[in-house]
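Below is a structure I'd like to ask you about.
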Amino acid sequence: MQQRTLPYLLLLPATLFLCVFFIYPFLLVAWQAVSQDGALTLDHFRTMAGHWKFPTAFWNTMLLALAVVPVQLALALFMATLVTRMGKGRDVILYIWTIPLGISDLAAGIIWLAIFEQTGFLNSMLSGLGVVEQPVAWLGYQNKGTIFLAVVLAEIWRATAIVLVILVAGMGLIPKEYYEAAEVFGASPWKRFTRITLPLLRPSIQTALILRTILAFEVFAVVIALAGTNFPVLMGETYHWQFNLQDRHVAAAYALVILAISIAFTLVFLRTLRVPREAQP
Amino acid sequence: MTAVTARETAVTSADIRKRGRLVFVATIIILCAWVLAPIYLLAINALSSPEQVNAFPKSFVPGFETDSIAFFMGFAGVARALFNSVLVAGITMALSIGLGAPAGYALSRFDFRGKDAFRIMVLMTRAFPLPLLALPLAVMFIRTGLDDTALGLALVHTTLALPFAVLITFSLFAGIPVELEEAAWTLGCTRLQAFYKVVLPLVLPGIAASAVFAFVISWNEVFAAAVLTIENRTLTAFLLQNINVSPMHLKFAGGAVLVVPALIFIFAVRKYLFAMWGIANR
Amino acid sequence: MAEISIRNVAKQFGDFTALHSVDLTVADQEFMVLLGASGCGKTTLLRIIAGLETPSRGEVWIGGKRVDHLPPRQRGIAMVFQNYAVFPHLTVFENIAFGLRMQKLPRAEVDRRVTRTAELMHIGQLLKRYSGQLSGGQRQRVAVARALAMEPDVILMDEPLSNLDALLRLEMRAELKGVLAESKTTTIYVTHDQVEAMSLADRIAVMDKGRIVQAERPIEVYRNPAARFVGSFIGNPPMNFLPAKKGANGSWRVAGVTFEGPRAEREEIAFAIRPEDLSPSEGGLPAEVRVVEPLGPHVLVTCDVEGHLFRAVLDSDIVLSRGDTVKLAPTPDRIRWFDPETEKSLQHHQ
Amino acid sequence: ATGGSAQADILFWSTQAAPVEETQAMRGQVLSGFEEAVDYQATDDRGPWLTRIEAELQAGSGTIGLLGALHGEFVSLSDDLVDLSDIELGDVTVNATFQQLGMLGTGEQKYLPWMQATYIMAANRQALDYLPEGADINALTYDELIEWARVLAEETGGPKFGFPAGPQGLKHRFFQGYLYPSYTDSAVTEFRSPEAEEAWNKFKELWQYTSPSSTSYGFMQEPLLTEEVWVAWDHTARLADAFNQRPDDFVAFPAPAGPTGRGFMPVIAGVAIPRTAPDTEAAKALAAYMLKPETQVATLRATNFFPVVEVDLPDDMPASVRLSGQAIARMANADDANPSLLPVGLGEYNGKFNQVFVDAFERIVLAGQDVRQVLDEQGETLRSVMQDSGAPCWAPDEPSEGACPVE
Amino acid sequence: MAEISIRNVAKQFGDFTALHSVDLTVADQEFMVLLGASGCGKTTLLRIIAGLETPSRGEVWIGGKRVDHLPPRQRGIAMVFQNYAVFPHLTVFENIAFGLRMQKLPRAEVDRRVTRTAELMHIGQLLKRYSGQLSGGQRQRVAVARALAMEPDVILMDEPLSNLDALLRLEMRAELKGVLAESKTTTIYVTHDQVEAMSLADRIAVMDKGRIVQAERPIEVYRNPAARFVGSFIGNPPMNFLPAKKGANGSWRVAGVTFEGPRAEREEIAFAIRPEDLSPSEGGLPAEVRVVEPLGPHVLVTCDVEGHLFRAVLDSDIVLSRGDTVKLAPTPDRIRWFDPETEKSLQHHQ
């Protein structure tokens, strides 16, 4: 019957919506990246790529995503597994773990800055314990390593909850009977995790990974708060070109680069974590 | 196996269980601490006087000074901004679920051409920096009169929240046996009714997750809110957009004022987030 | 009027053909039982009738109306799924009431129907439970009750009693038959329990590898299998087959014994007899006993007749043991003959 | 009038006085005196501010009545600003230099000067004990500053000089208006001169004794208050909190001098009216109100920005006004004073112009790249910025024909 | 050695007691069939043995070792789940291989065992499919194959053949019995098919409402039910019960006919006879025919004896129809008597 048209009907509202509120403005902006005074040009990309900060920003962004996303996934999986084994009090624990969800990246940046800044809580604690005599400049420009670490920690703290919620919701849908069968057939808790949870959770993992990776490529506020300009990232550069340098063309080029790497990673996740139709429950 | 070794194994395994339990509880506590410690620090700072905030070494107990918080609460228009925020977040939630859930359903139940293209399109909205889109959107809104309305801002926030709604509902719909739906069809449901009566309750966690994300995204979004609302500022645009250039104690107080409602919201929906019907039989 | 007519329906799953051109008509109010080996396509056929699966070819008519393009809910059917599909988020009561609520029946009527069907299925005391708190058989009964409560024109049941104990099943079977007859429902009922099939069916349709081989009254199917498959499939234990070589004057020689048989052009055909149509008697087929199994009032004797497996159900009084040789004489009018190539019956009236 | 009131409010869209307390003060103490309700919206983040006004300009209709921003922020909007020369200011005397700047190199009054500030030095009194022999705090040289910073770093256990090099910090102004004029008597022409090289090397030396957290400082008042830093350079408004909270613990003093004098630079904020303003007349009235002496004093209290019109300051001004006022006066009246003007005529290239200095800083000081090479490369960038914008030189560079050249 | 011993096990689900104090010992290599009404606690008992459910009370011993606190995987068991629990994300091959891979068996051995058990279950050609592409019966066979491939000490099967057709079931049953005997596996097998129970079991344990009522050899259970429930539950159709009034000289009067019976203090006890132990004969119990159902070689006659439901399985030659009156004489040595209160057998040897 409508079998063939139904999916399109279902997608229609979202598609129309996105066409008006995303695709249209997006095309306008994208056009700026590849044009100058109405003529096609790649100059803006050249300007962008030629700027001395571009490679740093690019690799910093990648590095950050590579450091943050896998840890978040692992941590969230771990937490979600703990959740499924909890009895009483699960509600409370879950709530606590999802608290960072409600905290904006700006606020998270403030919080973590309060920890890492020179007169911050970390130094207060360390000097209180007598570990250090002088407050350490964790975020000083020479300490690229600790800056990176601080950003990674803050990002992990802030955004693991998103992954956690997606995974916990997904885990709740896995019928217990499969765990029971696996258990009877000799699977240790670890094996049950790798052989049952992970494969059956594939759609949720895929979703979480895609969303997190995309968000990781857009990280901005936390980095600015903690690292300032010491740790340039693509999104920060985009912002900078758009508003401080007021070169919308180059800013749009940056945005397209962010978009391109996001799509590339998304495609990888879509392919590698695909669940064949026949293997769906 | 002899009885002796049997007893031994029984004992040791009971022991292991006890130890495992301990490790389990300890891990949970550590993780809770990891999450709560920064929040606690935020609370300390928000509840301290400016001097305490700027002191070194810092105190790890709050000074219980509510001046900074009171400063924000005393702002004229806070109540209205709060109302706007809730309104915008509410519309965003409704729109993103209303638009996203059907799309997620289509992605999970059908194989059709353009499926991946659609997914990519949805994700692009998330992968493209919003500040660049704000200008054309603002122009469009000013021209159409959507400017400075809760609906207008909610539309933009929906663009941000929609990918979450689509993907999350998709991944959870994929876990619901089609057979339950089929049963509903044979019992007189249209596809839509089956969706609402059978699928939706079962993916309640997914819906709740999407709702939370939509809410939180809208709640915390500053840029579009700052550009697209003037009279009808949201609380975030009202308080947060200048927080970076405000003195420390106000930064924290402002942060805290913004965090609390979001936490209340999550608290309110938490039980749906993890509602489990035991699709499993037992 | 809810006659079901399936015309030339086929179903492919990728390369695999689950149904080859199926034709079947179920008369209004008829109780049709579908029997067939595991994987032969019974569920697929039901799903096509219900509209849950689109046939690759062919037409489905219900009540004189072509329904191929109608969604399930507009076909006036109810279905019991092979694995129940009880909604996990609803109580038993709400599960049973589900279809009724869809029809917007008044609350009192819903209550009445739910209570009635639940009582019928002996799950009246479980109405408040969720499916996760039910045993397998209880869940299955919820599925049946849910379909019955609908009082549909057509009901499709896919092994609805398979998880029930014999006693309950016997009861349920009787109740079902009564209720469905009373409500004038046209029924297609898949079962693998032949006793059930025999006692419930107005007609039995036997399926084999995606085809319907015979669809007739139970006794016909049992006594006069249209094809060798039917004979071997129906009856527990199944019919025995032995090769018959052409003898003189249109007679056939089976394991050294001569029988009158049909005229046939072939040199060799198949002789068939049901295990319970055998009795020990001189002049019978020589059989060497392999296994003797008690079946309550009878014994099932598995023997070897000229290298062929041969079973007989004999009175339990007869004492036999492994290695004995016994002569088993078939009741003459129960002997059937089959063409070894087409596997069709050689005297079947069709 | 705040957040939300009647539709007729004049929307004052500003990048200044963004910190919440200042915004509050602007609304409650400055604008409440105006006859009509004003909706004062301030954001420090250039993004939303610019996006909104550009959107209104593109859409051709808007809600913004009055724009408040820095000189540099108006330059790119120049074409879309209403001429304000017909505003009746009465007996108010506006600083002529600033008024001239407000024309943005055109014949029209694109913006009216609104308030001014500058950058000065601040120090914790404890630091004074370490002042090098013979150095006068009110007439420091860069060498003395470096020495002072060195002694502080060595004797107190860590660097105590602080510099706002964070993302919100105004570091580029230091290079444009302080370091370069003090060493090269130029900001553009001599960008890559040997003197400039020396200036950068001096700065590198100073940086050795600068708190490494400087790269995350936006406002110096906080590190001063936490005593992470004892000596700092920053915008007066960004030091105000320190002076106000502990007036007795801090001193304010002029920026140091170099071989070519004591370079310093004013900060000018102005008010302008976009062509899309819903009610230009009302906006003009508001602009005029902003320039009234009483308003200017109130603004000073609220924002720590000084008046641009002639006023008599009352005695009960906050500590910050008192302290920085003195330091500014000393700086401006110093014998070797070498004031720079804000860039004019850069238009949309304003940001890129600043970026040249920021990049030079990041490359030379933070990344430790070769000074000569960086100056050559950044010099090229600067040259193309100047050429593309066509902006002529401004003080202290010699006036030029056409685009200001980079030697 | 894998003797299973269940001692005083009870299980509560909230208020509901699913098992009351169950005691059961299954000898090493024994094939124990668990029979009982739907919802009586069979699955619960298996799950407790497997370690999937914690008993509220009592102990479980396997192979002389107390296993209460061991996780399922350390109990040396395999299980066929009532609803299969075939992993949807694995192919049939990988499903069957699952347990073997967990044991880290060499690849060749895994292949060998999977292929062998798959062939045994007639699903050799489906190895590449996913469970979503299987019919109900096929899925069930995958579940059985998965358990068999483990070659465990103890195998627990929860209605493993319920979704198979009679023929296949007959075959599977024989194969299962053979394989399990060969591998010396101790088996607990839940079924509701009594023929299956009879032909497979070394012993049959009959459960009623969370209690084990009798656990003895099949023929004992059939012939000498320890309780009225057993008689009425086992046998298809079940045993008939009629009230017997004390007559003279220790005889009992049943529907007007006098029988010798046990000595009992009571005025009224229950007379019981299986339907197939009746034959039409003068002097039998007067029965009014209500329904006649053909069952292949026999007819099931449902009658009314003095207001009580009474069934008889008679030879199909006998022509009867509704309303006829027939005298049904019980075979004397098959008559059983029950105490109406305790419902225990009055001559049972226990």
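Think of it as A, B, C, D and E in the order they're written, each chain with its own count starting at 1.
We adopt the following convention: contacts are C-beta pairs under 8 Å (C-beta built on N, C-alpha and C of every residue); 3 or more make two chains touch, one makes a residue touch a chain.
Chain by chain, the UniProt names read as follows: A = Sugar ABC transporter permease; B = Carbohydrate ABC transporter permease; C, E = ABC transporter ATP-binding protein.
From a predicted model like this one, the values you see are computed outputs, not experimental measurements.
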item	value
Minimum number of chain-to-chain contact steps, chain A to chain B	1
Contact distance in steps, from chain D to chain E	2
Centroid-based (C-alpha) most distant chain relative to chain C	D
Chain of greatest Cα-centre distance to chain E	D
Whole-Å separation of chain centres (CA-atom averages), chain B against chain E	53
Whole-Å separation of chain centres (CA-atom averages), chain A against chain C	57
Whole-Å gap between the CA centroids of chain B and chain D	40
Distance from the mean Cα position of chain D to that of chain C, given in whole angstrom	92
Chain E, residues touching no fewer than two other chains	83, 133
Of all residues in chain D, the ones touching two or more other chains	45, 47, 51, 226-228
Overlap residues in chain A, where contacts from two or more other chains coincide	3, 119, 135, 175, 177-178, 180, 200, 239, 242-243, 275, 280-281
Sites on chain B touched by chain D in the complex	50-51, 54-56, 71-72, 75-78, 80-81, 131, 134-135, 138-139, 141-143, 147-148, 222-223, 226-227, 230-233, 238-239, 241-248, 250, 254
Contacting residues of chain B [partner chain A, same complex]	24, 27-28, 31-32, 34-36, 38-39, 41-42, 45, 54-58, 60, 95, 98-100, 102-103, 105-106, 108-112, 114-116, 118-129, 131-133, 135-137, 140, 155-156, 158-159, 162-164, 166-168, 170-172, 174-177, 191, 202-203, 205-206, 208-209, 212-213, 216, 219-220, 222, 236, 240, 243-244, 248, 251-252, 255, 258-259, 262-263, 265-267, 270-271, 273-276, 278-282
Residues of chain A that touch chain B when the two form their complex	3-4, 6-8, 10-11, 13-15, 17-18, 21-26, 28-29, 79, 82-83, 85-86, 90-91, 93-108, 110-112, 114-115, 119-121, 123-125, 127-128, 135, 157, 162, 165-166, 168-170, 172-178, 180, 200, 203-204, 206-207, 210-211, 214-215, 217-218, 225, 235, 238-239, 242-243, 248, 251-252, 254-255, 258-259, 262-263, 266-267, 270, 275, 277, 280-281
Contacting residues of chain C [partner chain E, same complex]	13, 35-39, 42-44, 82-83, 133-138, 141, 158-159, 162-170, 192-195, 198-199, 218-219, 222, 232-238, 274, 276-277, 293-297, 300, 313
Contacting residues of chain B [partner chain C, same complex]	177, 179-180, 182-191, 193, 197-198, 201-202, 277-282
